[in-house]
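I'd like to ask you about the structure that follows.
Chain IDs A, B, C and D follow the sequence of writing; residue 1 opens each chain.
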Amino acid sequence: MSMKGAVARYVHDGDTVVIEGFTHLICFAAGHEIIRQGRRELTLCRLTPDLIYDQMIAAGCARRLVFSWAGNPGVGSLHAFRRAVEGQGNPALEIEEYSHFGMVARFSAGAAGLPFWPLRDYAGTDLPRVNPRIRTVTCPYTGEALATVPALNPDVTIVHAQRADAAGNTHMWGLVGVQKEAAFASRHVIVVVEELVDESVIRSDPNRTIIPAMIVDAVVVEPWGAHPSYAQGYYDRDNDFYVAWEGVSREADTLRRYLDEFVYGVSDRAAYMARQPGLGPRLKAKQRYSSGVNYGF
Amino acid sequence: MSMKGAVARYVHDGDTVVIEGFTHLICFAAGHEIIRQGRRELTLCRLTPDLIYDQMIAAGCARRLVFSWAGNPGVGSLHAFRRAVEGQGNPALEIEEYSHFGMVARFSAGAAGLPFWPLRDYAGTDLPRVNPRIRTVTCPYTGEALATVPALNPDVTIVHAQRADAAGNTHMWGLVGVQKEAAFASRHVIVVVEELVDESVIRSDPNRTIIPAMIVDAVVVEPWGAHPSYAQGYYDRDNDFYVAWEGVSREADTLRRYLDEFVYGVSDRAAYMARQPGLGPRLKAKQRYSSGVNYGF
Amino acid sequence: MMAAVAARELSDGEVVFVGIGLPNLACNLARATHAPHLMLIYESGAVGAVPERLPVSIGDPALVTGSLMVCGMADAFQLFLQNGKIEVGFLGGAQVDRYGNLNTTVIGRYERPKVRLPGSGGAPEIAIHARRTLVVAKLSQRAFPERVDFITSPGQRVNGVSRKQLGLPGAGPVKVITDKGVLEADEQSGEMVLAALYPGVEVSEVQAGVGWDLKCRARLGRIEPPSGTELRVLREVLDPQGLYLKA
Amino acid sequence: MMAAVAARELSDGEVVFVGIGLPNLACNLARATHAPHLMLIYESGAVGAVPERLPVSIGDPALVTGSLMVCGMADAFQLFLQNGKIEVGFLGGAQVDRYGNLNTTVIGRYERPKVRLPGSGGAPEIAIHARRTLVVAKLSQRAFPERVDFITSPGQRVNGVSRKQLGLPGAGPVKVITDKGVLEADEQSGEMVLAALYPGVEVSEVQAGVGWDLKCRARLGRIEPPSGTELRVLREVLDPQGLYLKA
């Protein structure tokens, strides 16, 4: 399916949307298409909103943000996010805040079909004071109090991966973050891949499969779809872009000009890449192949 | 380290011992060495006691069995287990019984450093009636009652795997069962492998690492150590042996004769294999190699 | 015959949590005949298995080679089963009672068993979470008592309490496939009632193998005998050594 | 200088949960000098990372290539951190207070912040579970208030309540490495006290950057300046572009 078609079909105004990927495999291509299609009132959930949600917030897609660390990794602030939260945004963005572990636990509960997840966390912190959804439960064996977070079950989760077959059986390697949990927790799943492969490639290494076709609604083939984040074995992280974003996003109108040129100004990811001919050669990954293993009996 | 040395050092009378592996990678070599060293009063934990615990029960190593399915897979009964539980054993074996999910949850809690694990299970069954450690907790969000099981933290867990480096960084593929959770839940971990490999082999495919060296106390190289269970990519399951066990174990004295010849009668796994020259050629795995993946950037 | 009838209960593309023995045989028969896209998931963690030989155990290496996904058992039980992704559960039982409660734990008192059976395995969670559960068991007064000695896996009613009241997500055992006919759970009472007979079998023969006063559907179905294809696949392809079919 | 001092706090073979920025630089300096077997674990799931370049983010691809293990984040937080396998946690903070409580969430009121900071990340669970936690921060009245505006990560005492009473497994922030000296948590009071000074720095200069009446250890330590090796590795190997060292 095309990204246009997948977003049109599975992302609706008011939905709870997850585009996961911890630094690695963040599907900017999907975020840009959601911006182009003008989705509104979304509840955006991610551990690290990163530049992709900063752009979606700037474009007015978001009503609420559920997160655990809202910065520009290794650089500084997410300025569209800050403008919205510091009250210069209009309307103000609602926020619901956890720690990384808390967000991971919310996805774990959602994926396991449980209403909550227990964790030993938050004692002595101010987080439960500002987030009433962080609660406690008493251990039926030791009597001790443990923190809990509620299950997170998104309407749609978008996962970027290295390769999948046509049905959606998906291989992912390198940092896998919380994508498996987010996908299993979600009502609908869109898988976006660098490469479409034959089912036999998936079946040659079943332990590498993170997401099975049975929970996948749409498979989109979108090379370079994770830029400026990266795809291990395909292309490197574009650190220059992350550093440059500080300057681009500091003022609302320079950010707007970026969106005009690189999001609204292109029809899809192919056009996005065509506009930046230098990217491919600069970021293409070197070869460091793993050795195969024997699955015979 | 030698199997003799590892068992002498890390398995003591009265310990809680786990030899995990769901049908796949069951470390019979370790079980046999524990029998040879005459360990007593052990609490043996496994989802499926399988033939290995049936042999250890017959040899008098066990005081208590914690399990979820005590049969001979695809064949029938575990007769030493049945004799002990049906009161013909002397002294009688204590049992603590869960379902597979309950045992998996106990290891998951132990591995996560939590005192319990919640699961939606056991309502309407008689298991909580005969096992008071199966309890309930109330969800702080929905108010519904969920079942709980207590964490299981063994004194020692023995994991068989395809390959590891000298430090104990371990690659495992095919069915991985609950070994990762059991190892992380355990005070001590012994890793037994078919093949010792250079650290560079492990580092060439880090997503394949199930157990990191930092939690491993001893690495034992013991080819064919999982026979009559199997090692994917190395040798097939010896179904004939499992079928034959029905006849061997049905009477206490034929079982005793088996132990005399193949456990007490051999010094180690090499001697065990030397006594059965036909095994290797009959069970050796065919080649079905996976394709490698690129870890470059 | 039971394998063939059980196989017919599976529709192409369904997601089945497969137990060992006859269920395993039935699933692979369905896959080889009318349901090539049947998704087989084993509690061992093998997803989309395409076994080149009939697996003797649910942890057979043939379930792994060429499968679509292999996950840990925590994922198999939490992400697939407890998360409601399993459409059909397939169970056997040493005892099946009037309300479809299953016993695979003990015959006699738990504390002093006459016969100690293997125990739960994954049966309780399958019977609780699978959207519907199929049971296969051979008829006999001993195997089909009014009430099982021990409830390993919950049926339609437990001591008069319904699944809904117990908060069990799945529909539970909806059919019991026996060697003489098929029982179905009655929508109102939750009781297992006779729904269809094998060729040449009388109601009295089924009643003779059941320890309670068996009710019958108003219109009893007649089950077609195994087709030539079904028999050929079973005998020649799936179970040439008669591992299961002897039984 | 801070990086060098922080690096010296790490012993060879220790297991460190690494945060981004200076902690990351310090860990890689330690690995390149006196602690070649330092085990670096990143919350992103990379275990035993041997980055060929200084990772700009804790999710850098260089942390994965050639690492010993890559696990999901649920495992990183549950099996490693919550399970007590992490010996040293390394944190920065926009604000550090008298008892080592850290704030990386907001300056001002949470509901109407003067400055909105990135937030928690994994800091709360690191400060709670790591056997000991090291903090790196530059001195200033703004950065070292008597009490932080928001407790993102718990220190030695929270509103007078001790870690023990709060049931926190780890020892919490035991040292705060600043740009002028090193503060240590007092065993009795849990208060951060001055323990050692950088060369040529007076106590008054440290006090000037701290928003409470700073106590001093009876015997103040003197910190050795960075060695030639330390400076060379920092400037030439780890951070040639001065990404961190400018700061």
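Following the convention adopted for this analysis, a contact is a pair of C-beta atoms (placed from the backbone, for glycine too) under 8 Å apart; a residue touches a chain by one contact, two chains touch by 3 or more.
Remember, it's a predicted structure, so these values are computed and weren't measured experimentally.
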Pair of chains joined by more contacts [C-beta pairs], A-C or A-D: A-D
Using mean C-alpha positions as chain centres, tell me how far chain A is from chain D in Å, no decimals. 28
Chain A-chain B separation of Cα centroids, rounded to whole Å: 38
Between chain C and chain D, tell me the centre distance in angstrom, where each centre is the average of that chain's C-alpha atoms. 57
CA centre of chain A versus CA centre of chain C: separation in Å? 40
I need the residues of chain B touching at least two other chains; which ones are they? 113-114, 119-120, 144, 173-174, 176, 180-181, 204, 207, 230, 232, 236-237, 285, 288, 295-297
Expected list for chain D, residues touching two or more other chains, is 46, 61, 64-66, 70, 78, 82, 129
Inter-chain touch pairs (all): A-B, A-C, A-D, B-C, B-D
Of all residues in chain C, those that touch chain A in their complex: 15, 39, 46-48, 50, 61-62, 64-70, 75, 78-79, 82-85, 129
The residues of chain A that touch chain C in their complex are 111-114, 169, 180-181, 184, 199, 202-204, 206-207, 209, 212-215, 295-297
Touching chain B in the complex, chain C uses residues 20-21, 43-46, 56-61, 63-66, 70-74, 77-78, 81-82, 105, 110-125, 128-129, 150-154, 158, 161, 163, 166-169, 243
Can you name the residues of chain B that touch chain C in the complex? 22-24, 47-48, 67-71, 73-74, 77-78, 81-82, 85-87, 97-102, 104-105, 108, 119-127, 130, 144-145, 173-178, 180-181, 230, 232, 236-237, 239, 242, 285, 288
Of all residues in chain A, those that touch chain B in their complex: 113-116, 118-120, 133, 135-142, 144, 146, 148, 150, 162, 171, 173-174, 176, 201, 204-205, 207-208, 230, 232-237, 285-297
